[in-house]
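Several structures are given next for inspection.
Next come two complexes built around subunit A: one with subunit B, the other with subunit C.
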Partner chain A sequence: MVEVGDKLVGYATDDEVRKRGASGGLVTAVLAAALEKGMVESVVVLKHIDEYEAVPIITDDVEEVLASTGSMHSVPVNLAKYAVDRKVAMPGKPCDIKAVIEQSKRNMIDLDNTYLVGLNCGGTMPPVLTKQMLIEMYDIDPEDVVGEDIEKGKLIYRTKDGNEKAISIEELEEAGFGRRKNCQYCQLKIPTNSDLACGNWGVIGDLAGSATFCEVMNEKGKKLIENAVEAGRIEVAPASDKAIAIREKVNGVMVKMGETTQEKVFTQMPDEERLPYYREALADCIDCGGCKLACPVCSCGDDAKCTLFHSLGDNYKMSMFHLVRLLHLSDSCIGCGQCTDVCPVDIPITRIQMSFSIPVQTKLNYKPGMNADEKPPFFEVMIK
Partner chain B sequence: MADNNDWEPKIVAFCCNWCSYGGADTAGMGRFQQPASTRVIRVMCSGRIDPLHVYNAFLEGADAVLVTGCHLGDCHYVNGNEKTELKYQFLEEMVKQLGLEPERLYLNWISASEGERFANFINDVTAKVKEIGPSPLKPEGVS
Partner chain C sequence: MIGNVYQTVCPGCNIGCGLYIREDEEGALSIDFMKSSPANEGKLCRFGIKLPEHYSKAVSMVDGAEASIEDAVKAASDKLKGADVTMLNVGNTTSEESLAFKAIADTLGCVVNTGMGVYSELPSECHPTVGVGMSLSDIESAKRIALFIDPYIQYPLVIRRILKAKENGASVVSVGWRNIHLADENKFIDPDKYESELGLDSESVIIADVHPNADPGWVKRMLNLALKTGAKIIFMKPFVNATGVDLLCKGTGQKGLKEIMDGINEGSIKTLVTLDSDLVELMPNSDEAAETLKKLDNLIVIASRDSAVNEIANVVIAAEPQYAKKGSFMNVEGQLLKNNGSGTAGIDALSSLNQNLGGEAMESASLHNKVLEGIIEKITKPKYKELACEVMDIGSMEGAKGNLVFLYNPFMWFDQKDDNDFVMVNLNMAKRLALRKGAMINLTSEGGSVSMRYKVEDMPDGLILTAKKIPAVTEWVATVSTEVV
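Up next is the complex of A and B:
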């Protein structure tokens, strides 16, 4: 029987799902089984449109869940807000899971009703830039791509005619392509905050490419796996020591890369340069409010402090909206990069936010989105 | 801009009704000399002071902002000033990261009887702000 803390290697029993899945289709099968057996009312999945576009849908149709197999590295949407007020199971990158946990701290999501299947994530890529990268760096027509993968520090694209081309991520990122900026310094690659941490790292030998490594993180994860096994949708076996070691090694390398980049990106700017820099960057803001809407941690709704006390008529040197947001998120920003993605005038908001958040979070020793029982420090007012 | 000796900084002091406002009052009654640089804003409790108010003061042209309240443990509302302290930690870090001089923001506990302390505090802050000059966040046309 499955126990909490178990590390397993498994795959979907349905051959079609297994073949189409990025690595054995285990995640899809687990989600489908949870829906089938009534553990949840619906499942949040991405509905493919093409290789670079997908829309999140909330579905109670098992077929639609099964059809959603396969990973998408170029669709950097955050799914957290789709779980609000619903009894759902959802797959998610580490940042999706972090956001769900932050929402639960703000009483928007009931974690008891939400099953989180985490996916290992080495980083996501912006769709438009990816197409441009394929043409310029890979010399591949974006329409010909059938698969993608990140392996040993290289980004691999497979085309219709069966060819593969790999270029190292470092090289791509130096050329300004590759992963989104925030992914480059993200330091959570295996979603240990989820219920079930899945991925293809540590799948070796014959199984490579057709099985999923998964770690049962808590009771809910155990329920998910047991339910899927009972429903006959997946088969699992304990992972070998070698597989576990390889997974740890890959994770170690990725986290190390993140740390190095973070150090490089967030070198302390000299005091006198900071204020002019922030003012200049935020001066482009057109007050669309997109960053607030897209933020998966924010939960104030329409009447938020950041918007209520902000007026276009103010002749202020910095925007109140951004100042309030910078402060309110300083302890809770998970660095998912949604705000930068939606910004129509390309303000690097995530970078700016993180330059405030990293010192605060380090000082208070608080990691947002990791532990649902740990309240954000800003909320903590003790009555002695 | 007039030269620095003539220039009088504008300092916004948030004072709580029960202690530091009383302290400001006592400073006046005790005839302790202090510069005319402060604009006192009375709030019922220092816990009412949102970081937003502090930003607003800076953006409206304050050269320094003082957050003052009762001594810890003496709050009229049990623990209002502990909340202030918590919020202030964030504010302090933000102001530092933003690149504003740390000499522009202060937290101080002043009781109603500490008139001299209040006057000295204002004297010190005014002297320091005079040294560093007007705030870079001051809007155009505000002296």
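Up next is the complex of A and C:
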């Protein structure tokens, strides 16, 4: 009998799924069971292309779910929008889950129809830069990589010849590589906002590398686990106190790193420097709208305030598009970094947005993407 | 193709930005960012973001009536047999289709025109330098960059390369039409002073562009500047496979777009076959171009989109959309980029057409092998000598006259709607014309008048810039009269 709040260690019963999965294939098996038992109509999965690329697909084929890829640190996609208007189960990093919850508040996603299997995340990396990092820092041909992992603050790559090489994340980031900037100051590493919070932190002893630590966060999470057990797709057992303590310790270290980086990145700027700074930072904008399109929280579509008050022919020194977005998203930005990723002129949009959002969210005591029942402060009416 | 997701290349220019096109159950398209793409790391410009509006499905037609693709191919064959044929492929489709198109030209005994008339005015030893420039990543390691384009409007994905170069210590001089933010210096100087005043040397990079309306004198001037200073040079281009088409199809007797249209008007061209090259979109004045094309005895259009020229063609052979094609494109730096669609309707139709005309059958795999052989063999850059050239005179204008200059961009080449119906003028002109907020400027040329919104930019007096196609003005640079509406 599984209860909300349980902390379990488990794995897929199918040897092949267990072997192929990132940590014992539990997440894959839970998603497959949800689909085959009719809890959902489809599952969002990442279709593997190579070690640095995967494409989100929405499938109703159990075999396709079982064949889907494990965690990929170099595929920094946000999956929230693929859940819109669907009865779906999906895996997700903490920022994927945050975005789903924010979308639900905008009536784009019905959480009753959406099962969220959260994955611990120490951070993701940009794929092209990662290849460059492998060449320059690891002396590894990117094409030779067959697997990756993050353990004890080190990023480990395994190669075709059976070798592996580890370098500390700190060293990589000092050299300008490693995790995306927003991941470096992210402070939600275990997705406690999901239905199930899964990952390899706390998997110890003989099970290390072949099982998943899983925390049941709510009734939907309980249903997911019970369904997968009943379907014979997973086996679970209570996690030991030692395993729980180790998971907490790893999380504590990662969160602390995030807090420290945030303090470094978001230093107070004198008032007289703020306007020149933002003008200069946004001056290269080409008005592509990519940041809006990539934003997993934005649900305005074409009918958006940021575009309504903006025209290419404007003479403003700072675009109304950005000014409106900075305001509009200040309560709800989840800091996922998608806008920065896709900016064609490399404007650090997430950092700029978060420099507004962190104080606003702190003052309003609102953490976007964490509690589905909590209304965003700038909402007049919660849509139900 | 992965499920309903196509890995493809943006058709907006020749940079070769990778992306995914997702087709939903109802056939609606959306964009996914392809962050592993070396050319763009998932980033897209304004045109790329709007690609779902660009794509449309073509329908095969014969004499205005919907037809099967087989009937369209047969009708095209009948019209082409014995005809004196002109063929055009500017580079909006795959290298494999381009090679199949070239095979038809060989069967018919004609050449494939790429619309880049400038090539016919350049010695052949210059063609590879114009055709395949340099690696985009080399821009990042330049010590000095001279810009002869407006990257913000024309080729936005170059901006991040230039910014990276600046991070690495490069200085940037813009010799474009308006002062741009990323440049350390913005110079509007006499072309004769480029060599002495731009501070270029062998560690420098010149970024220019070449397009169907490019002034040959200007291109020669750029080549001379690179030759004399030792700087590397890259010519940006407007079409996704402009480089591939140039390498694969360029023959003797190249005609530019204007020459083709003049030939139709004069009656020397009576049968035209186009491969994803819509002259109604490409020419500055769409209505005028459509009227000219109607003078043809036969207009055969092989199309991957439902664009304006399809309506007036005698025969439309409809291929799959570009994102769904099996094949490859070559970008401006000479990289062969794979399109992972599985569609071969275009190649199959071209093969059938070639067979009907007495040529050989062709299929995708062997065409791809020929592409590899043809392209790899041809990427060498012989040395060239200084070229004699004259450059158009763009003198300053006073009073109510100005020089209107087009900043060519994908929205113009595809005549696609955008929020760009304004002209840029400097503060002096705005004051001279007593422009108020919300006022419109009326531009009058020999071709007619048009009213446009305006935007004030830091740029030379007397210049008027626009990124929008204006039918009343058909030259790259044209003198216009201005008045306030």
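Just so it is clear, the second predicted complex is superposed on the first by the 378 of 384 C-alpha atoms of A that agree within 3 Å, B and C clash if a C-alpha of one lies under 4 Å from a C-alpha of the other, contacts with A are read in each partner's own complex, and residues count from 1 in each chain.
Keep in mind that, in the parts below, a contact is a pair of C-beta atoms (placed from the backbone, for glycine too) under 8 Å apart; a residue touches a chain by one contact, two chains touch by 3 or more.
Bear in mind that the values here come from a model prediction, so they are computed numbers and not experimental data.
In the three-chain model built by superposing on subunit A, subunit B fits alongside subunit C with no clash. When the two complexes are overlaid on their common chain A, residue A:F378 makes contact with subunit B while staying clear of subunit C. Of the two partner chains placed by superposition, only subunit C is touched by A:K47; subunit B is not.
Of the two partner chains, subunit B and subunit C are each touched by A:N315. When the shared chain is aligned, subunit C comes close enough to touch A:L293, but subunit B does not. Touch criterion met: A:S355 reaches subunit B, while subunit C stays clear of it.
Look at A:E170: by the touch rule set out above, it reaches neither subunit B nor subunit C.
Touch criterion not met for A:E136: it reaches neither subunit B nor subunit C.
When both complexes are overlaid on chain A, the residue A:V55 reaches subunit C alone and has no touch with subunit B.
For the pair subunit B and subunit C, the least inter-chain C-alpha distance in the overlaid model is 8 Å.
314-315 are the residues of subunit A that lie in the contact sets of both subunit B and subunit C, per the superposition on chain A. The touching residues of subunit A, counted against subunit C in their complex, run 47, 49-50, 52-53, 55-57, 59, 74-77, 126-129, 283-284, 286-290, 293-294, 311-315, 341-346.
Contact residues on subunit B toward subunit A in their complex (touch as defined above): 50-52, 55-56, 59-60, 78-79, 82-83, 86-87, 90-91, 93-94, 97-101, 136-140.
Only residues 269, 271-278, 305, 309, 314-318, 320, 323-324, 326-327, 330-331, 355-356, 359-360, 363, 377-378, 380-384 of subunit A touch subunit B when the two sit together in their complex.
Of all residues in subunit C, those touching subunit A in their complex are 2-5, 7, 20, 31-38, 40-46, 48-49, 152, 156-157, 159-160, 163-164, 181-182, 418-422, 453-456.
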